[in-house]
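You will see subunit A twice below: alongside subunit B first, and alongside subunit C after that.
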Partner chain A sequence: MSIKLYEIKKVITSPVMIGLIAIFIAFNIFIIFDGTQSRSELKILNKIVDKFGYKINDKMMVGFKLYYNDQLKKLNETTFEKTSKTYKSATELFSHDYNSGNIYKKEDIEFFNYVRVIENYYYVAKDIDINCKAVNIAAIGEGGISMFNLRGSVANTVRKQYAKLSIRFDKMKENGEYKNLFFIGKAYGMHAFLFSTLFKYLIYEIMILVVLITGYLMSYEFENKTHFVVYTTKRGRKLNKDKFYVAIFTSISVTTIIIGISLGIYFSVVSYSGLWHVPISSSFNWDNKLSYICWFDMSFIKYLFCFIGLVYACEILFVCITFIISNFIKSSYMNFFIFAIIFGIVIIVPSFVPVNSNAIFPVHFTPFALILHSPVWFMEKGVFTTFKYYEVDTIAVWVVILLTLCGICIRKFKKQNLY
Partner chain B sequence: MLVVNDVSKKFGNFSALKNINLEFTNGVYGLLGPNGAGKTTLIKLLTTLLFPTEGEILYNGCDIVKLDENYREILGYLPQEFGYYKNYSPKQYLMYISALKGLARNRVKDRVGELLKLVGLETVENKKMRKFSGGMIQRVGIAQAMLNDPKILILDEPTAGLDPKERVRFRNLIAELSRDRIVILSTHIVSDIESIANQIVMIKDKEVLYKDSINNICKIIQGHVFETKINFDNAKSFRKHYLSLSEKQEDGKLIIRFISEKTIDNNWKVVSPNLEDVFLYVYKDEPLAQES
Partner chain C sequence: MRIIFNEIKKVFNVKMIVLIMFISLIIYNLFLSFGLKYFPNGRPEGDYYKISVQMLKDYGTTMDKKEFLNFKELYNTQIEQATKYLQARPEFVSAGITTYKKYQDIAMSPNGKLSKLHDKVVFDDNVDIFWELQVREGLINEYEGIGNTKYLGLNKNQLERYHETIKNGSITSILPEFVFRNYNDLIKNVAMLIVLSIIIMISPIFIKDSKNKVNYLQYTSKIGRKIFKIKLITALISSFIIISLHLICFFILYSHNKVEMFFSSSINSIFNYNTSWYNITFIHYIVIAVVGVYVLGFAATLIVTFLSRIAPNYIMLIGVQVPITFAILNISSKYLLNNLTSTTFSKYCQPLAYSIIVCIGLVLISIRWKKEKVVDIIN
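Moving on to the complex of A and B:
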């Protein structure tokens, strides 16, 4: 067996790692089922998209209207038969205590609900241009500027970025990127659930695991007091290089396992059939808090892959940070606590930087700040981080810095006295 | 040939070794010294775990630091504090160390089997080491040090935890191995090296005090080691005047072996000094410090 395989074996046979992975996956399954209570309603969109496609245009709206009216007519036929009443909309029916005497069968109620849901989609689609016009990107930027009382070059930088986003928004309006059917954000909050709630847990769970794995691997010989034997073998100090590669490999594997299983379950519970290629900036996605306007013209599936790619990149950066810490601290649990302290320090540093100093921008370009903004990656995310290439720049800069430091640590370890 | 050239090692302001000059050719070298003398520091320098502050260590004329893996390839080392993985069997552990030592894969299984037989662990080769006694663990340590058939074998306290039978077997094994390699053996147990070491290196006050054969080293106190029979009542005052080497009770009296550099009493019998006598004599003033 090769040296790297022996190192991998150390991780995969660790009861702590196996236990944590199992706990995290179980927790994610609970979160998924708890957060997708409207599963039956969500499926209705798949049916609508099957019939009319997801692109909202005049032709589609004519067909959608006819279908909706037809369904409403059927609803009224049922209600008239049972109560001699008719309704202008399904919402009107639901606003009354329509089933007080249990006069409707289960199938009738399910049908009423179906009509109510398609009615929602129909009216949101109908008013889509009005809702879109209400969004003013420059005003969002100005709101942030006045909230932080930004002045001078900092305020100008922010204005410039929001002006760029505004251009992108105008383009989006021109090409109709926002006019696509998707789960209604204000009703179901599926974007927020997937990218804010679920992925937030996934990112932190994987971060805990990769930090523990890297610390565990790097401290393994010292904690078992085998370092005198191991580092006097032919492979010697070069073992640290193997450990670095194995830490990255196992971290990628753990990321794949956690994300793979969790998303596998999520997408089997919530059907995205017919919706994979819907642009992520669809205004259907927008919820009460945020307009998810993406800097790039990306479909949902493309955004998802870019998002996952960014998670991998962040986790690799965390491996590098832990690797550097472990060159100074030879205890896996101490490594974890030092990492947590560094995380805390990096997060609070921006609060000590004067907001009108240009230094306020670079202090937000850290992997820790990056994961805090994960729900809105590649989108508008506040005055200090709304840059088109914020994510890419942060990763690129930190990859260079951390890989250089890791290289220095590997070289330094070769000449380090071992006691 | 392994040459230690003017090597000093400092940890901050603390000097652990001063101007060490040694030469090792094939044979067994016993490294003697009390705790804190610098034996382990010297061994760690020879195994590249530590790097000299001054001086250099050469193997066949090349600096061992520059030789890097080419040096460690011919090195076998059993540390004083031998760590192991509790959930590994000795076989798994030796296979792992074989991989680190770069042994050819097709030879590993046979070599591991050979060594487990040699150290008498073949019947428990697949048992987890968490259940092993100290002696069994030490035997795994000896086996791992010999995996790569090293040209330089460095053993720090190798007989700790071994029972007398295992100790004899170990001594014979080292004597056999030393024909074509350098064996450096550090121990507190003088009897372990007395019968097998070609040369003794004695370290005192961070410096090499003697490096010679046992016979020549024993000559240091030749004619000054005596035995006499005294009453128990006189033992206390006797010890105040002479360095007691060993004592035993016989016929209600105390037979005491001691060193005297001055007057000789008629009741004293001159005896031949052994290495343990020299050890006790040389280090008589050393405090009982902890090994650094």
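Moving on to the complex of A and C:
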């Protein structure tokens, strides 16, 4: 036990790890504050949800409409007093007369803006069925097929998957999963910000850290010239196993620290109160680029936890990959760059596989391809990776492969030459 | 001199060269191959390319008012051809589309049948004149929009410079936007590759010796502390070799893009949507960017050499370099090698950015050199 503790001590007392974690977290805080400029507008949704709930149905819409009309009336009273003009909508006010002198008080303008935001939510909620009808899953698949010029069995596989997703989408339409209030994706893009911008940074930051930690631990004895002392003892040859466990343990801790602090700050900046249980597939969430239609009926909080779980799994896989590399390369410097090269090679291999051979699917089932698709995990993500269990399958297969290889490496190390 | 040569041999060892080759290939595949393989990229960019090459042949590097009238005439004759094409097709005649104007209008029509008919000509039958007309229209609009600064959102200095380019006629030069953007994007990515290569190759220069305790021998020899300067010179020579090799490879590949006819066109061209602070041509721009890459590379070398000297171990070195590398790459793609001399930046912004990054390198090195003279060897 104490050996493991000493190994942990090597990592946590290394100033570079602490420094990097601090820099990364500072960077994330900057990203969070930079990306959520419309914080005050976002809060308005919490108020609406408090009043009417997030489920959109006829009863709710009646109440919402009354409330909106009421607010609009108040707005018109204020404007009529000052300029003897009335408006059909708050948007009209902002597009025409917003800049015409300082007639309105600051509070008035804040109130106008409040009405404008409510109006946006009201109209999106009103037109929700029309917007949802416009989405055609099979057509998205066909678009991808013609883009890559797919034929034969590959095209059929892709079509089958999109047909399955289409069935799921129909089910969504039936049970009204898409009819829930959430931040308007087209206006604020909160899903894209959280899961694509912020989490992309988180994943790469943690990846750099876990590769450094594993490489550091594994090459520690060689770089400090203690390997002849440590590895010549009977216990010493089992040290690799300890190092492996410690690498995984510290990586999990680092992941927890970085994700915990960053998300903690994010959720205290952007209030999700009342929205945690909104289904992730809510059509409010859709932005201009993508319709986020999830394969599973998940609430936001459940999706978030599944997402974080997947990040943990990916980082553990990266630890395993680095561990295997470091069994062959004794320098932590080379180790880092060889990991980068493997990353690069694995993501460019698919571009060399002919698109119409069935081999195109397996080359996308890699942990590196997985993290490239991170913004749309559990969702539609291009022709070659839209499978219901793509994420789970990838992780399962690679965990088995890499753990076996790690085991072989640990066993082989017992009889390995030291120089 | 002999030491420098041997140090260079140490920098360019086989392992490192293989590593760099792999990294270069990956970066080439991810960031460079597209701009080199698909130039001009499909339609209508290909048509635009053909038309602008023809324009250069007919009008020279700039297109004055008289030549513009000629260009418009060509446009009108092509419209006639298009009209003839439409009138010869029964499906268009029966739909009442007998002129090019009417054809244009149906593109946006909500009537699905009509818009399909529109798309058939350009996408299925790939009729050249219709693609070319589209490009010519755009060019005519741009040219006629010269002097119309209402929607450009320029400030006072930018506006002044814009009117200067109108006065000296460089705004009428013929340089399509995609030719310029293609080179700009490529050189940005080449600079990224070069900075990465320098960081990877030069980083071990001091740390390798101190890890192997060779520095004790070096310091007690006659050369002594001068070894710091010698290694610095080695680093600069090596990075010169790295930069030059990368640039040579890049320009060999880039020469297949066939843009040499645009070399003497001013980059202030209205078709390029870009106003430069100086009256420079495209070839000047290419050279300036190359000089920029060298300066950036040398600045990175200075910083890396400094870090290599003070880092106690490899992991520390990489750890410190990760944020620094991202910072350098970010600054270089946003300011140092992006639209050089463009009026979107203030006139002194980019030269200042270069001087700051070089100064950081020089200051770090000079501080270290002062310390190096008196530093305790065993620490």
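Just so it is clear, the second predicted complex is superposed on the first by the 416 of 419 C-alpha atoms of A that agree within 3 Å, B and C clash if a C-alpha of one lies under 4 Å from a C-alpha of the other, contacts with A are read in each partner's own complex, and residues count from 1 in each chain.
Simple rule for what comes next: a contact is a pair of C-beta atoms (placed from the backbone, for glycine too) under 8 Å apart; a residue touches a chain by one contact, two chains touch by 3 or more.
Nothing here was measured: the structure is a model prediction, and the numbers come from that model.
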Simultaneous placement of subunit C and subunit B on subunit A, clash or fit: fit
First, second, both or neither for A:215, with subunit B first and subunit C second: second
Partner chain in contact with A:2 - subunit B first, subunit C second, else both or neither: first
Which superposed partner A:348 touches (first subunit B, second subunit C, both, neither): second
Touching partner for A:340 - first (subunit B), second (subunit C), both, neither: second
Which superposed partner A:19 touches (first subunit B, second subunit C, both, neither): second
Partner chain in contact with A:362 - subunit B first, subunit C second, else both or neither: neither
After the two structures are overlaid on chain A, angle v-u-w for subunit B, subunit A, subunit C in degrees (C-alpha centres, nearest 10): 80
Subunit B versus subunit C as contact partner of A:332, first or second or both or neither: second
Three-chain overlay, closest Cα atoms of subunit B and subunit C, distance in Å: 6
Footprint of subunit A on subunit C - complex, ascending: 15, 19, 22-23, 26-27, 29-30, 200, 203-204, 211, 313-320, 322-323
Residues of subunit A defined as touching subunit C within the complex: 14-17, 19-20, 23, 208, 212, 215-216, 223, 331-334, 336-338, 340-341, 344-345, 347-348, 351
Interfacial residue positions of subunit A with respect to subunit B in the complex: 1-3, 6, 13, 221, 224-236, 238-239, 415, 417-419
Complex contacts: residues of subunit B adjacent to subunit A: 44, 47-51, 68-69, 72-73, 75, 77-79, 81-87, 95-97, 99-102, 141, 144, 148
